[in-house]
Amino acid sequence: MQGPLIDTLARQGVTRRTFLKYCATLASMMALPPSAGRAMAEAMAAARRPSVIWLPFQECTGCTESITRSHSPTLEGMIFDMISLDYQVTIMAAAGHQAEEALRNAMLENDGKYLLVVDGSIPMGDPGYGTHGGHSFVDHLQQAAKGAAAIIAVGTCASYGGIPKANPNPTGAVSVSDIIKDKPIVNIPGCPPIPVVMTGVLAHYLTFGSLPELDAKGRPKAFFGETIHDRCYRRPFYDQGKFAKTFDDEGARRGWCLFELGCKGPVTYNACATVKWNGGTSWPVESGHGCLGCSEPDFWDAGGFYKALSVPADPLKLAAAAAVVGAGAGVAVSFANRAKKGAAKKAHQPITLADLEK
Amino acid sequence: MSASLDKVTQTLKEVIDAPIASYFDSCVHCGLCAEACLFYTETGDPKYTPIHKVEPLRRVYEQEYTLLGRLMKMVGLSKPITDEELGEWQELVYDSCTLCGRCSMVCPVGNDIVYMVRKFREGMAVSGHVPDGIRGATKRTVEIGGPMGLKWPAVANVLRKAEEATGVTIPVDKEGADYLVLLSSMEIVNYPEYIEALAKIFHKAGISFTLASDAFEATNAGIQIGASDLAKVIVTRIVDAAERLKVKYVLSPECGHAYMAIRWEGPNLIGRPFGFKVVHVLELLDQLRQEGVLKMKGMFKDPLILHDPCQIVRRGGVLQAPEALIRQVAENYIPIADQQKWNWCCGGGGGASAIHTEEAEALRAKAFGVKKRQIEEAGVGTMVTFCANCRITIEEALDHYEMNTKLLGLTELLAEHLED
Amino acid sequence: MNDLQFLTWVRGTGLDIAVGIFLLGVLWRLIEIYTLGRKKDLAAPRHAAGASGLHTVFRRSLPPPGMLKRSPVSYIGGYIFHIGLAVIVFLGAPHILLITNLTGLSWPGLPTQFIDLVTVVTMAAMVVMLVDRINKPVKRFLSTFEDWFTWAVTFLPVLTGWLAVQHLLLPYTTMLALHILSAEILLVVLPFTKLFHAFTLFGSRWYNGSANARKGVPV
């Protein structure tokens, strides 16, 4: 274990001033009071790096890529250094029994204190769908969760099952929170998730010793409090009723709203529109494509990426049959009615004066 | 289900048709029909809302002719109509509905509520829940020949007197005449001047006409009570006489529902179109006016307003003639706001005037409130109308309110000012 | 079921079922009603009925003389909420998109802010109409469960749509799903309640207009 974070940063050429500024930005992003920035900086600067165990399950490594492989060295990347990543099969040098040994050691040494990061969903259909060292993913998760102080589910797969869970969910994929019920869990959904969210959660944990405030879906409210649509720079076009109809029409070139092209911004809670990607370079809608809603549960099965939210998610299958049945029922009733009326007319007996008496 | 109740549903099943179904399914309970009904506007009692008056008919329609209604009836969610209920509805269907048709004009979804009430009366008639007055009138018309029990000798007597007064012969049972003239008992008894006026006008215009000794009565209480079979018996007399005498036209008297009965219901009652034309007396007079035959002398000076009888104007389609004619003789004719097809009923149409229970008479007097206001607002001392039934009703009401408004018949007024 | 799944269900299966029941119900009821037939009118018409039925279909949308004064709430409130509903349904961009998707027809919509305003006005008119139904003796007298129920079923899609757009009460996704669900409930109950007047009104006005035209009375 190395010394406090500030020393590491200093060795990498990050000044105290830069670091303070970064912490202040982070605090504001998380809707914390300005004083929290300083507190954060002080806490992180002095923090002993907590042990982190990172378990990958049914995943594509996109989440790891997102967080570790920034195009240029970023503060996020450096902050990554503030943890002691004791186990991460994708990037650790050790393999096989050595790696398993490292995992066991980390769990023993930091029992009750380590953070467990999970990416990928857990297959419940058959334990054989995913194993490490002869143990199923679910066993791994349950073992590792036991001694964890908290769990961070990174990416939509770990948070909600993600793409592996997409219909028909062949592996019976579930999320971390479907299995672990007795530990605090933070979901950082996204496919992949925004790196700064990860940093923010870690910073919060280091500063306050607790997880940030979460919403009903277990996401940090600070980053997932608003929809893409509400923060979208193209929103004025929506309000004016100006929509791109195809990806290469005049509207698309003018940067009009992508709602009609299937943008899921209105129902997607994430910070892409404000934080952007790749160091603030751009983000999907800015690049001309509608939001896929990747940070929402079951986004893969939400009726197609290119179908507007207000159109049927599936083609109507019953309409024609229903119309036929309805017409059939109508004709049947009408035959019955005509027969009934005919019978009543046939049975008609002329009304006499006597009938008018009670 | 009692035998009579069974007959009610059977009858209603016969008369319920696509318009009835469409009307019931269109009603949104907006209550605007109430605002068009004088029995509601003058009493403020919501039970007089026109569409409510056919509520039992709605239930029969739903229970007999809609799939959902049948299911609801099967599981007991929709209760069958009861005899007691029909008893309660008698007042709503007869006393407080004059078939005036104002509601049918305002209904925003287009429901012809009078059409519905008329059909519902078919069921009410066989239930026996009918006012004694209309039952008696129907009985007398079928058995004796007219609602007031008038027989031909009495009519002949009146005709003789008219001949004496005018010096014009009034032919009876004359084959090949152009016009078969019908009368209403009320005119014969209460307003014999009508007959004199008519004789003078025909004579002046040189039109041949006749009366039929076996078909002088134009009114049809069978329609008012809602018994089409009996109405058919009554109307058949006229058709037979008209065909026997080979007339070209049958002249309906002023009486509103007589016109409706022979002009609009007649062919449907006997099940075939007429070979002759039915003409309302005002239509004929207006035609004569246009031909220049009807020349007037001297004008009626007092300011007056017109009361348009519902069945002739709104439900009968004689829209322009009355005003055109009154302008011939009245110097101070004052058009009122709700006139012609928007007129307010006198309160005694549809058979209501034949109901002589205390409640019905009190209700009628109350309903006259709207007419009373019209007279008072116009500030006139004279009102002219062209329906014997309206005249009776209005005169009763004028008495009731001790108003000294003068009430005149249009045809007589014209006859009085006819150039000799 | 989470909110997005809920939304996807109402956009998929739910819509399929609702449109199915709607079509089934509309066809069934229209046939049930209009095949009951009617007797030919044998009385010689004063005028041929011609297009009078059609005239009445339009003309009956205007208040007859004196009626506006007698029942201003019914007319003004009725106009506002019917026109409001039509504007929202047929000129709101997401709604046009749905219609386009289902029918292939397309036309330009109105700005969101304008639709928002219309929505608020429509809701206000509907509330006034409800209060009028409670307060006016005739309306209260005529009202059955169905009247209150159909009011709610018509009001809810407007309310939930507005709440969703305004981000009130519930997260947008859930509210949008509720909005679509409430519109589906409206579709399902429409053929079987007085809301069916949306269809039969044309038939009723037609019958009334042509029958009166035969008598020579324009109505």
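By written order: A, B and C. Residues from 1 in each chain.
Convention: a contact is a pair of C-beta atoms (placed from the backbone, for glycine too) under 8 Å apart; a residue touches a chain by one contact, two chains touch by 3 or more.
Owing to the predicted nature of the structure, the values given are computational and were not obtained by experimental measurement.
Identify the chain pair with more contacting C-beta pairs: B-C or A-B.
Pair with the higher count of C-beta contacts: B-C.
Per-chain Cα mean versus the mean over all protein Cα atoms: which chain has them closest together?
C
So what's the Cα centroid distance for chain A and chain C, whole Å?
39
Compute the distance, rounded to whole Å, between the mean C-alpha positions of chain B and chain C.
Here the centre of chain C sits 37 Å away from the centre of chain B.
Roughly how many whole angstrom separate the Cα centroids of chain A and chain B?
Result: the chain centres lie 76 Å from each other.
Hunt down the residues of chain B that sit against at least two other chains at once, touch-wise.
Touching at least two other chains: 16, 65-67.
Quick check: what residues of chain C touch more than one other chain, meaning two or more?
28-29, 32, 35-37 - these are the residues of chain C that touch more than one other chain.
Chain A: which residues touch two or more other chains?
Residue numbers touching two or more other chains: 329, 333, 337, 341.
What does chain B use to touch chain A in their complex?
Spelled out, the residues of chain B in touch with chain A are 4, 7, 10-11, 13-14, 16, 64-67, 125-130, 135, 138-139, 142-143, 225, 227-230.
Any idea which chain B residues touch chain C in the complex?
16-23, 25-32, 34-36, 40, 44, 46-47, 49, 51-52, 65-68, 104-112, 115, 263-268, 271-274, 277, 314-319, 337-338, 341-342
So in the complex, the part of chain A that touches chain B is made up of which residues?
Contacts found on chain A: 329, 333, 337, 340-341, 344-345, 347-348, 350-353, 355-358.
Okay, in this complex, where on chain C does chain B touch?
28-29, 32-39, 41-44, 46, 56-57, 60-61, 64-67, 70-71, 74, 78, 136-144, 147, 192, 194, 196-197, 200-201, 203-209, 211-212, 215-217, 219
Which residues of chain A touch chain C once you look at their complex with the stated criterion?
160, 216-217, 227, 229-230, 238-241, 243, 259-260, 266-267, 269, 293, 296-299, 301-303, 308-314, 316-319, 321-323, 325-327, 329-331, 333-334, 337-338, 341
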